[in-house]
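By letter and in written order, the chains are A, B, C and D; residue numbering begins at 1 in each of them.
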Amino acid sequence: MNDWISIPLVAFPLISSMILLAFVSNASPRVREGLVKPIRMACLVFSLLLLVLTTGMFFKYFGEVSWMDIQFNDYEYFVSYAWIDSLGINWTVGLDALSFPMVWLTTFLLPVTIIATWNEKYGATYFPLLLMMGGALIGVFVSLDLFMFYVFWELTLIPMFFLILKWGGADRKYAAQKFFIYTFTASVVMLLGLITLYFLQEPNTLASAGSMTGRSFSIPELIDTARTANVGDNWFLGKTMQNILFVMLMIGFLVKLPAVPFHTWLPDAHVQAPTGGSMLLAGVMLKMGAYGMFRLPLSLFPHALYHFQLALMIIGMVSLVWGAIVCLGQTNLKKMVAYSSVSHMGVILIGIATMQPMGWAAALFMMFAHGIISPMLFAVCGAFKHHYHSMEIGAMRGMAKHSPWLATSMMFAWMASLGLPLLAGFVAEIMMLIALWHMISLDGWSIWWMVGPALVLALTAAYYLWSMQRTIFEGGDDTQPPANMVGKVIPDISNPEKFAMLILAFFTILFGVMPWIALDMMDDWTKQIFNGLILFVGKGGA
Amino acid sequence: MASSSDVILDSEMVQYAPLIILLPMLAFPVILFLGRVFNKNPFWKNNLKEGGLIALPVMAASLIISLLLIKDHIGGFAGIKDSINLLWVNTTVWDGGVLEPVSLGFGIYIDHVTVMLLFVASFLCLLINIFSVGYMNTDPINDNRNHRFYAEFVLFCSGMLGMVLADSFLWLFIFWEIMGLCSYLLIGFYYERPSAAYAAKKAFLTTRIGDVFLVIGLVMMWDIFGSLDYDVIFSAVEDKEFMAGVSSSTLQWALGMMFIGAVGKSAQFPLHVWLPDAMEGPTPVSALIHAATMVNAGLYLVARMFPFFGAEALSGDLVDLAFIIALIGGITAVMAAAIAFVQNDLKKVLAYSTMSQLAYIFTGLGCAMYLANTLDWHNDSDAHYIVVVAFGAALFHLFNHAMAKGMLFMASGSVIHEVHHAHHHLHHDDHGDGHHDDHHDDDFDAQSMENMGGLASKMPLTATAMLVGSASIMGLPFIGGFWSKEGIIANAWRVAQDDPRFLLPALCVLIGAGMTGFYMSRMWLKTFAGKPNNEVAAHVGPTNTWIKIPLFTLTFVTLSAIILAGMGFTHWAPDSEYGFMSEKGLVEGIAYELDHAFANGDPFFFILTYLAIAIGAVLGPGLAMSLYGGNLAQGEQTKPWMKPVIKLNAWVYARFNFNNSAIAQSSLTRALEQRLYIDYYYDMAMLKIVAAFSNKSAEADSSVIDGTIKNIERGSQSLSSVVRSLTTGSARDYILMVSVGTLAIFFLLWGVA
Amino acid sequence: MSTLKTVEPFGDGFISALCPELILFAGLILLIVVPNLGDGKFRIPGTQTRIPWLLGGQRFKLTSDPRLPSWIAVITIGTSFVMTILSFQDGVERTAIVSEGGTQILMINAFSRVFELIFFGALTLAAFASMNRLDVKGIGARLSTDELYNNRRQGDFYILMITCALGMSIVALAQDLFVLFIGLELASFSTYVLVAFFKESKAGTEAGMKYFIVGSVASGVGLYGLSMLYLWAGSLQLDVLATTFAQSGSDALPMIGIGFVLVGFGFKVSAAPFHFAAPDAYSGASSPVAGVLATASKAMGIVGLLRILLIVAAPESSEDGTVWLVCLGLLSVITMTWGNLAALGSTNPKRMLAYSSVAHAGYMLAAITAIGAWNWDETLSGDPGEAAVVVLTALMFHLMVLVAFKLGAFLVLSVLESEGGGSRLSSLGGLAKREPFLAVAMFIFMISLAGVPPLAGFMSKLLVIMGIVKVALGDMSEALATGSELGLSDVHWVWWLALAMVINSAISVYYYLRIGVVMFFEEPEEGKTGPLPAGWQVRFAILACLLATVFMGVASDKILEICEIAAQSFNYNWA
Amino acid sequence: MIDPAWVSALSALLFVIGLGGAFTRKNAIIVLMCIELMLNAANMQFAAAAVHHGDATGWIYTIFAIAIAASEVAIGLAIFLAMYGKHESISLDDVDVLRN
């Protein structure tokens, strides 16, 4: 078996980007200028290599693996090396149907982001940072060790911090620090939860237990323990402890997601971040939160999950509705798109709170679909800003006339995000709705829960259409183009941008028409976890 | 959740059915891409008509396949179900203890309703494509962007055909939304006009509100049946054991929700506001989407619900919904007709007419549903016949209306086109040909009937088509819509006899007939009769061949409605018993229809028929004639078949003309001109409530939620200053602090010890 | 448990046992003698004969080299450092230096060796980096360089460094509290002078004065506490005190005595409210010295606290021994919060680092509190020593890695100080453009201080939190495994210290990041766009710190093992 | 012979005086003297304890403590001298360049 193959997935981008950065940072400015092109090309090639690698994994080129029918808590390409023996820390990586789509998504977005922001300034450091970001993100998804997971979790902050700080807008210092501190604060609380969990294991029972502490950071072993302990009326660690740990872990994940009311770092970060940063931030980084939920609290604490089902549902609903309402009140294009992310992340939470395999699959697919659509949204915003030097909705009207490619891309991305059928986002939304209603009728919830999603379906259309009315359309009057553009040739997007948009659009359609490519394995994962864990305890009632 | 498909497929064509959808769908990117790449290329522009001639063969192919499919269907195969079930979503639900696999796939479903709509859609798509080549490509304003039109056009066709062919409510919805998108894009075709941009948004949003309910209806439906496939649902509905476990009120709610979706799509009260504005789009769009096909989607959806109403297990349970459907129809029919009275914009009149006629169909469907739901039609053959005819009448009206209204729009387009052309010819010759910004480049409005008049002699074919179309819509005896409209009115009254609630819709449709007669006549007369209202109208010339072909074809189809009726179109039934021409021969059928219409044995219906004719074909048009039109200008000649109409009009005009300014200035008229203020209130609600609330929310988000975070930051900064100011710089204070600390520890430990 | 080997002074094995200290002593003498070597001649009284005795006179070229004292000091402390490392090679033999009566005076074991490593490591780096400060400008305010090159003063500086090292190592070794106190005072006096070393500046003398005066008060209090303990027990031998405490620890006298001693060490670790002089001292002292204060000197205070609290007042020896827990827990929370809050708004990077050092003291006090609480849950107690070992390991690891990034950060500031900056945030502006290496190093030190993985700072904080949590949870895991329903109320309150720590780390990110922002994204101060003062030594030291910061983060396994052994050797009841 | 307890009490008094003086006086020299008082309090206690326990180490501690106090004075005076050179004051309140 080629199990080792999951290691270069993480190590290669991280190491190569660090080498490139070290190389560049010691060069004089002039040399650095000359290095932009080779480095950009190198980063593109590296990221494409990663994409080839993960795509090859999907098509089973690197050995017989099955992305379907993986038992719950089994992993493909699983490797584990001792790292810090005394604490039970291991370099453990592996992929399952939960993490693989996210890994693929990351490797897919990396080259696309590089292409979409082909002409970004200070390219010699920009592109390696993107690569580093990618490596850290992959690291989060492949880690099967709590310590490793946390290390990569925090590592993602650093490249993003620099991306915002160096390439960001006017208020970038504030935004970058806020982003860093906000998410860091939440994740240290999560860390405390993880450590508490660590020491609540029975000592010296796990295979990879540390010599000093007698406990292990290994996620698979932990999940196994939890699964065997969650039997009948017995609960892994007991009900109270499950609830406490669940909350502590969820704080970290909800802030990352982000869910209302912990979302305010996101608009700031997005508005100030450069296009590439936003693309990765919205595309993958937010999904870390959702991924973490699935990987840890949901897999470990079924009792708490039932206990907090209502809370999750409320947070999800509030995120969904509040995000959409605030979107409608935005005048800044990028901010609007950022809030739409908040709204969409609400879908994930609702999907989880349905406690239906279908809802979970919808949440997983939402992670994936939003991961393709939102980069396109931000690529469009970036191009808008780049060409029209403003982010205000209405500053530039009649784009369809001046920049037909950009207008088309925008139309496409907006439509995809508002959940137009046959585009990726719709699949998740309709599944979420079906699952939600099914839960409502099955568990006897109030039908008023349906009001939120229904309202948002309309609101989402409203804010997207309204913004399109004032950007793509109109422009027939004398005020357009705006004064600063009069007399100039108003440029359309560049060829690399076009190319990136086309790729993103293609995959949005692909996963809208053939969602099963990714959805089948997600469904399988949810089935496994329901069979293996949730149903197991669901009968006990919670 | 068993899937029961016991009907055997015996049509070879079904396997090609997906091509009907796929061909136009694939043509969409091709045209769009080529159009962007070869923009302004002379070959592309002149020989390929900027994509028009790519779309044309595609639509023709779709039509041919559709016809073959329809032929097979008519030829006997009764049914249903798909040969291909395209995988889409496979997932799992937890059903109280067990995990059930679920799949939402795509397939083809063909029955009588499908076939009807399939023909209407593919036939009109092709004709309007032909029309577009003559209409769009000759207008300089569209230069170099027609590819966009054709691309969106074919995508729309794909959506429409897909919706018709889809085998589940889910896929119906999916294609429904794609149509919505195309409608949005095409209304906003002249994106640079703020009014078009506004109209496009309004159309999408208004229908979206309906769609939201539709989606809710879908998920409720899914919850009940565990599937959205027609096949599964319809067989489950017939399964009494299964239905015993289903709450009929939940089902009614689900259907009601779906009906709201239909209301939005078919522009019925109260979600009708988008349709008149949608006329901002190019005329072919109005003809195809906003008259002939897309707006029928709502009707199609309601027609699809028939099996629920017809199910024995639900007998009598869905009456309320049937009433609501009929009521919405009735209200809209009268309201739209009333607003149409005062419109001067040619296309707007047609738009309101569309609304009104669709409302008729809704009423018809509602009544048919009522009948199906209350009568024991499965066992009683008389009842069966009544139900079948009622349902058939509604669908037949859909057919007639689609044909006639498509034609009317095309004709009106040709009028507008020529008026516009004449206007340019007259006023803009000095500008040369290069610079035409848009239709609205000055105060001249080519769509206003005030700028027309007496065109019957200038555009004879157009006038004829318009005349036939109007007659069909009005329900003039023997022509097109008459056959179906009479049926709808009759059924409404039939139901009203049974359930007095239905008196309201029944009255509405009866009065509406007269109103239709009035506004349609008014429109024709103002446009074609009388003298040219201005110089421009006097210089309008005949239209081109591309435009003439579809006009001619549709005129023919409309006139031959009696033949279709004779073939059994009015018995278009939810089961195979009354298949196409299965009952009687053609001649026999026509004779039966004539007999049934004019010599009904039941005195009530006999009187009703003539009453309706009197109102719709005499009173309404007569009133219009007395107010508008008149003889043609001196020396103008028209085709012989229009002469009597003109003459009659001139006579009535001369004889019965009266001053209606008192009415014209009444507040009711003003209200009608303002579309009964409904749009105004909607806009206000949007602006004053939704927008204001969202602005406040956005403020709250940054001031309250983010403000909390900022306050924490500010607070800790000021706390930091306080803490640091304790470090005074004087060593004495430091020693003091050490002493205080010492004492604190001292007392703490002392206390403990 | 290894057997104890006893060595009498100058007896067998004395040299190998006290090798690092003896080297230091030798170096001290060399440092006094060698720079004074010259062609000086001694006139035999009553004759005109002058015999060369090499002291004084015109000094040789080599001995008059201003860098000579620093090299001697670096080599001396460095050799001690290396010898200490080497002593780990085949396990540290547990050796006691005993007086004739058999009383243990000094004890050499893994615990003391680890602390020696910390002391010597920090001092070596600081001494090495200080070489470049010969040609200091700015602080010395317009003095001629000649004067600064005066190697006699250089000699003084490094002599103090070595005495400091000597004092500290005595603290690590001492088995008698009074010996410990003497070592402490030796090191303290050296640091007082080191802080005040740049007497040419207002800040230098003021810092020295404050540090001295507050320090003296604290050590006065401490000494008084010792005298009370002596009065109570009749001896200051650790083992004697421990036994006596086990019998009558709850008396007021020992309690108050311990409280007073706590004050003395509290000043050394700069725990609130005894920390007030620290920020002033750090900002007035030269950066390498401040670095030493923040690392080695702090570690020394920790040794004292550990000795007094965990050996003398060990909770196991008396049920009421835990009374100091609340006291220390409170102190820890106040200290960390105070430090972080104060650092939050500070615009002087040195003061900011000083406050951050206060915060770190709070974390360490939390760890000590946790160690004190290790056997709180007697019903669940199974293997009590285990938890204490984890926390102590974490604490030592923390002190060890602190040398890498805290000192490293001060060394970066020291480069800036050489051009007159270093005490203004803005002087860091544009560092990334001027010298990317320094900026990157500083950024890594900062995020390591903040506790961002995978750097050493994260590991150490993680370990401390882990230790605290482990103690707090006790043997709950076993109870949970049998199905008991336990909640947070069943957890020992030191768990909340972990929460306080975690939240404080989050607060601290704010000011650490700000340094990064300034370095990378703000323009340099006016007139300071050129290259920074040269000097490979300081950069080498920074590089060493940088590598250590990264290395101890990602590959901490071996070091953890050492710390664990050391922790076990601290108290043999735990192993 | 005086009861060692009285000596202890005296030393406690001395200690309090020293500590109180240290933070009430602002002249550095006086503060230094106060610190000496505190150290002497400790010395006295050591001596008393040595008597009490009949243990010679106490006396040794005292001698060492005196040495420490002496060096402390030396260092302190040196630092005050240097400070006076720069600040021209030895008042603790006047020397507050470093603050906050």
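The criterion applied here is as follows: a contact is a pair of C-beta atoms (placed from the backbone, for glycine too) under 8 Å apart; a residue touches a chain by one contact, two chains touch by 3 or more.
Here the structure is a predicted model, which is why all the values come from computation and not from measurement.
Trainee: Out of curiosity, which chains are bumping into both subunit B and subunit C?
Mentor: A, D
Trainee: Could you tell me which chains are in contact with subunit C and with subunit D alike?
Mentor: Chains in contact with subunit C as well as subunit D: B.
Trainee: Which chain's mean C-alpha position is nearest the mean C-alpha position of the whole protein set?
Mentor: A
Trainee: More C-beta contacts across A-C or across A-B?
Mentor: A-B
Trainee: Would you kindly tell me how far, in whole Å, the mean C-alpha position of subunit D lies from that of subunit A?
Mentor: 64
Trainee: Just curious, how far off is subunit C from subunit A if you go by their C-alpha centres, in Å?
Mentor: Comparing mean C-alpha positions, subunit C is 43 Å from subunit A.
Trainee: Averaging over Cα atoms per chain, report the distance between subunit A and subunit B in Å.
Mentor: Measuring from centre to centre gives 39 Å for this pair.
Trainee: Any idea how many Å lie between the Cα centroids of subunit B and subunit D?
Mentor: 98
Trainee: Check each residue of subunit C and list the ones that touch at least two other chains.
Mentor: If we look for residues of subunit C contacting two or more partner chains, we find 209-210, 213, 217, 221, 279-280, 346.
Trainee: Mark out which residues of subunit D touch at least two other chains, giving numbers and ranges.
Mentor: As it turns out, subunit D has residues touching two or more other chains at 19, 22, 28, 31, 92, 95-100.
Trainee: Going by the touch rule set out above, which residues of subunit B reach two or more other chains?
Mentor: 724, 727, 729, 731, 733, 735, 738-739, 742
Trainee: On the basis of the stated criterion, which chains touch which? Give every pair.
Mentor: Chain-chain contacts present: A-B, A-C, B-C, B-D, C-D.
Trainee: Within the complex, which stretch of subunit D touches subunit B?
Mentor: It is residues 19-20, 22-26, 28, 31, 92-93, 95-100 of subunit D that touch subunit B.
Trainee: Give every residue of subunit C touching subunit A within the complex, in rising order.
Mentor: Listed in rising order, the residues of subunit C that touch subunit A are 386, 389-390, 393, 436-437, 440, 447, 450-454, 458, 462-463, 465-466, 469-470, 473, 476-478, 480-481, 483-488, 495, 498-499, 502-503, 505-506, 509-510, 513-514, 516-517, 520-521, 556-557, 560-561, 564.
Trainee: Which residues, counting only subunit B, touch subunit D once they are in their complex?
Mentor: Those in contact with subunit D are residues 724-725, 727-733, 735-736, 738-739, 742.
Trainee: Within the complex, which stretch of subunit D touches subunit C?
Mentor: Interface residues on subunit D, with respect to subunit C: 8, 11, 15, 18-19, 22, 28, 31-32, 35, 38-39, 41-43, 45-46, 48-49, 52-53, 55, 57-58, 61, 64-65, 68, 71-72, 75-76, 78-80, 82-83, 85-87, 92, 95-100.
Trainee: Which subunit C residues qualify as touching subunit D in the complex?
Mentor: Of all residues in subunit C, those touching subunit D are 178, 182, 185, 189, 192-193, 196, 199-203, 205-210, 212-213, 216-217, 220-221, 223-224, 226-228, 230-231, 234-236, 279-280, 283-284, 346, 351.
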